[in-house]
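Starting off with a structure, shown below.
As written, the chains take the letters A, B, C and D, and residue 1 is the first residue of each chain.
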Amino acid sequence: MPLFRRLLVANRGEIALRVIRTAQELGIETVAIYSEPDRHALHVRRADYAVALGGEAARDSYLDADKVLAAAESLECDALHPGYGFLSENAGFARACAERGIAFVGPPAEAIKSMGDKVEARRIAAEAGVPLVPGLQEDIDAQRLAAAAAEIGYPVMLKAAAGGGGKGIRIVNDEAGLLPALELAQAEARSSFGDDRVYLEKFVTRPRHVEIQLMADQHGGVVYYGERECSVQRRHQKLVEESPCVALTPELRARMGEAACDLARAVDYVGAGTVEFLYSEGEFYFLEMNTRLQVEHPITEVRFDVDLVEEQLRVAAGEHVRPPQTPRGHAIEVRVNAEDPATFFPSLGEVTRLSNPGGAGVRLDSALHVGLEVTPHYDSMLAKLIVHAADRDHAIARCERALREFRIVGVATSMPVALHTLRSEEFRCGDYDTGILERIDRKTPVERHDLIMMAAAAARFLANERAGTAAGFEGKDRRQEPPRWAMLGRVERVGRMPR
Amino acid sequence: MKYHASFDGAEREFEFDRTAAGLVARSGDQAFQLDLSLVGDGSTFSLLVDGKSYDVVAAVDGGKVTLQLLGERFVVEVEDERERAAHAVAGNKAGGKRELKASMPGIVVDIKVAAGDQVVEGQPLVVLEAMKMQNPLCAESDGKVVRVACEQGAAVTAGTLLVELE
Amino acid sequence: MPLFRRLLVANRGEIALRVIRTAQELGIETVAIYSEPDRHALHVRRADYAVALGGEAARDSYLDADKVLAAAESLECDALHPGYGFLSENAGFARACAERGIAFVGPPAEAIKSMGDKVEARRIAAEAGVPLVPGLQEDIDAQRLAAAAAEIGYPVMLKAAAGGGGKGIRIVNDEAGLLPALELAQAEARSSFGDDRVYLEKFVTRPRHVEIQLMADQHGGVVYYGERECSVQRRHQKLVEESPCVALTPELRARMGEAACDLARAVDYVGAGTVEFLYSEGEFYFLEMNTRLQVEHPITEVRFDVDLVEEQLRVAAGEHVRPPQTPRGHAIEVRVNAEDPATFFPSLGEVTRLSNPGGAGVRLDSALHVGLEVTPHYDSMLAKLIVHAADRDHAIARCERALREFRIVGVATSMPVALHTLRSEEFRCGDYDTGILERIDRKTPVERHDLIMMAAAAARFLANERAGTAAGFEGKDRRQEPPRWAMLGRVERVGRMPR
Amino acid sequence: MKYHASFDGAEREFEFDRTAAGLVARSGDQAFQLDLSLVGDGSTFSLLVDGKSYDVVAAVDGGKVTLQLLGERFVVEVEDERERAAHAVAGNKAGGKRELKASMPGIVVDIKVAAGDQVVEGQPLVVLEAMKMQNPLCAESDGKVVRVACEQGAAVTAGTLLVELE
């Protein structure tokens, strides 16, 4: 008996395909939903059933809870997997599923709500004994501030309570600078946000972003599967993730894991969740909890030999969590985004050729196919390349090798940025932090110039030969093929002479 | 336009109508709601039949359609009305000589018949070696060998006449 | 310091690429060799260097030891990996490498020679205490025969010593049938082979083909990595392999493993080797030893988290073998051959589209690329699909899923045969033997007829719509694209409007 | 035919000769033995330079060649002799007005300049939101804003004129 009879996959792209794959392997029927631009998408073609939502923009399709619920009900789905993004952290949607008797493959609405409210989440974390960045949030006056700063230790930060995105932050290096900085910060906050409240927080130097993957069942059981290091970020978008984090000791790892599980227990959590921490110099501080599957979950899967989507479905069906196996080796994930690697601008267009990486220790989670139109409607992530090897050095080398093999023609991708990261001394030595991407030298070495320009000139030379009728013509001209091949793909030629 | 399909001994006739409500396929007294859409790679189409989804790779070579579907490979004969009418006329004129041709390039390693032999359907006539494999080529129907047109040890290309039958 | 400076990969196709990948990950420079039809092959494009051998047929290129050695010397290679097939089990070639100071990544010439001679191999195996199929090989007379048959137990086989390929074999069910059968067998052997010698052997009922993967170093160390079950065969060509073999108990597995290691020690073996056994009803019998990497080695790799090519290179460089990790889960490999799945005829042609399987637990070892010409010159194997999952049921389901995803257009492949095997009750229950492929029902179920014929009719309907200018035209007509796209691939459109 | 390539501030001239011994590329006083061969997929070629092997994906768009090589992406300007001569003439007539156009479809979320402002190379002029990302569009060289041709909040398609400069 499968865990569920029929699962609606309320997402698109690689994560929809990811969920469909595991569901099918477990004998669960799958239902895809799709917006108008996604009619040909792989998740539609690979699911057992597909329901059109209409609309182009996310809010008219994948974010429209009523449409999604109607699709689930029309096909009599008994479960729904939200993936990540879209409706995955929408407490009301989770509740609506439950009300309709559809098992929401995620935490209860209350847990989503608690962790979605950042203030509430901090409060619960503090109560559960999870370390927070030390600071002083309330009742700020000069005396209390000085006392708190002395206790925390300099440098400290003054942040505008109403601020965000790095605005209204002042760093203070010693007590002498504290009061002048307070006045300036309050003035700045008033003019910028019309609200002069500020708060004090420890300035975490060289922070690393480290997160714990956990899984909780409906019976109070909680397990965790080690950590992931996600410090290679640009504008808070992760680009390269690895597991384990080279900075953690087994003792720190255990403390972080236990803290994450304590938080999950505090909100009666069920399902897959990730607790994000800032890590710096032997200390870790709670950032937030993501109440869903994380993009980078596969690096945990390959190390622990676990299928986290399977575990999600099991606990959603009422099973107990299973103890994780001992992790093995080192894993790295690279997110492949449709963007110009030099300017970071989104790159739109049609994927016209595709050559996937393969071989030992390489996993590709992708919804790429030839003919895919990359449009501005959705996220720019095209694929995730995951590698696994016996140790970190081999994993880095394997990831480089796979990146060289992976060829996407038609849109530019962020792969070269990942390659520069993997080749950088800072990443290789492992002593890096969330600022690494800004520091990496991405210039082309001068000694490559000859090769690059020769290859480009050779491409034009070939194109000219191909276009003309010059002697020395190489390759085949597709335009001269008999038109019948062009009908619907080429006919499979069984036992004919190769041309 | 009607399409007549035959596969594995079974036959069906299909007619496709693009209506305001979408594409409808009719076969006998059955009707299916279809959504049919070519993927940009030129060889794949997505087929939704009453909500069920199928990812189909198709190669159309005249009346022969080779499908990849659900992990399997099917070769289906499909004639449209006009072709069917034309073939019905031509069919009456057929019969007489038949030829066994090399279905792949290779080396003739064994000839199992001689001129004048009676053969039955499925009987191996010639063995061709290609890609390290020995491939027996068999009679497509009962008949009599008129002429053996190849020699043992000869390298032949695909399409080379090997045996004439009647 | 890498293990070697520069490695010549004396092979083509997926195994050449397999070796190149690991070598590059270990920082070893790679040199590819290629025949004329292989100028565009992936192993040529992915290696650091490439040397043309000239010639089309294997004997004029990859089998020409002089050409291969000249290539290795011209690029100053300090090691050579032979892959499988071609020169990999040629003792003279191994010796020629050694004489030139090139490390042959394989066993010493003497070990290749001993195991390559089947009579000698049986003798050494018997001496080393490895079980052989019981029988009577020499000094056959009626009395000795009857005594031996009684000891072995009926049924027994009488085989022509000069026979082969199943010819000249008689099965005897009881003592009464023995002498009449001997006379017939001798007469038959005389008329068929001009040699009336026959020998007696136990008739092994429902044999399974089970093999042990081992690795030996230059210091006498030998380890083994469990077994592989390779009973899904057609004409002695393996099609589907799995690990572990469901028929073995841990005790039997250990006995087989120790027997294989004993044989390796008996011939001072070095490198990767496989000892093949017949297994039936709790007993196993030595068949032969393959003194090279085996096609199906990846199912061992994914279970043991080991890179066998890396281990080969390590022991070739003089390192000690490393103790294998505890195996995890279940693995299945499917060989994807270019052949018509209905007739098993070779399928030649050009690969015009390719869509690779992906996701969790899926590995593809392949040298496939769009534009590949499948010619009759070489082996018909195009790719190997390897899946790994927590248990056998999940592995079978995952393999089915991946086979459905894997699309090759341009040549027919054996994938549907593998799919039928995986779906068969005989394979699923695990109680199968080397005769399984002949017994599997590969007929299309009648309830699929409607769908298949509708899809085919729809393909012609679409092709007609596409060819004409009819209303309701769907998809895009590539023939109307602007000619500049056709030059050398499509231009990557950064930030243009999608069409 | 000579080809003039420029990349990242560097420039080279190449000439290709198909001789009996193979293809030779000359650049200045250097000569390279090449083997250049298009793969059947139409966008990839295999390049062997004195035995070293490179797998190159190239897209040629007029004089702009976009390469994928060794895992990286390079955009190289390549002119042949004739184009170079033609451009040298045209170049002398250029100068004057310049335009900032939307490099992608998106929504104008911020306009950072007004008519009459002096701007320097690299200075952000307009911020365009696309795919959940804020993308600053910057001045390509120093100059003066003549006219702001867009409004905050407007949805624009790729190529829409946003700011005129001189």
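The rule is simple: a residue touches a chain if its C-beta (ideal position, glycine included) is under 8 Å from a C-beta of that chain, and two chains touch if they have at least 3 such contacts.
None of these values were measured; they are calculated from a predicted model.
Number of steps on the shortest path from chain A to chain D, with steps defined by chain touch: 1. Relative to chain C, the most remote chain by averaged C-alpha coordinates is D.
We define each chain's centre as the mean of its Cα atoms; on that basis chain A and chain B are separated by 48 Å.
With centres set at the average Cα position, the gap from chain B to chain D is 50 Å. Centres computed as Cα averages put chain B at a distance of 31 Å from chain C.
For chain D, residues touching at least two other chains, in rising order: 37-45, 54, 57-60, 66, 103-105, 158.
Multi-chain contact residues of chain C (touching two or more other chains): 46, 345-346, 348, 350, 352-353, 355, 369-370, 373, 409, 412, 459, 462-463, 466, 478, 486-490, 492, 494-497. Across the whole structure, chains are in contact as follows: A-B, A-C, A-D, B-C, C-D.
If you check the complex, the residues on chain A that touch chain D are 235, 338, 341-342, 344-346, 348, 352-353, 355, 376, 378-380, 400, 403-404, 407, 409, 412-413, 415-416, 419, 443-444, 446, 449-464, 466, 471-472, 474-476, 478. Contact residues of chain A toward chain B in the complex are 32, 39-40, 44-52, 75, 350, 369-373, 484, 486-492, 494-497.
Those residues of chain D that touch chain A in the shared complex are 1, 3, 5-8, 10-12, 14, 16, 18, 25, 27, 32, 34, 36-45, 47, 49, 54, 56-60, 65-76, 78, 80, 103-106, 130-133, 135, 158. Per the touch definition, chain B reaches chain A in the complex via residues 35, 37-46, 48, 51-55, 57-62, 64, 66, 103-105, 157-159. Interface residues of chain A, counted against chain C in their complex, comprise 17-18, 21-22, 24-27, 46, 298, 301, 305, 307, 325, 328-329, 340, 345-350, 352-356, 358-366, 369-370, 373-375, 389-390, 394, 397-398, 401, 405, 409-412, 459, 462-463, 466-467, 478-479, 483, 486-490, 492-499.
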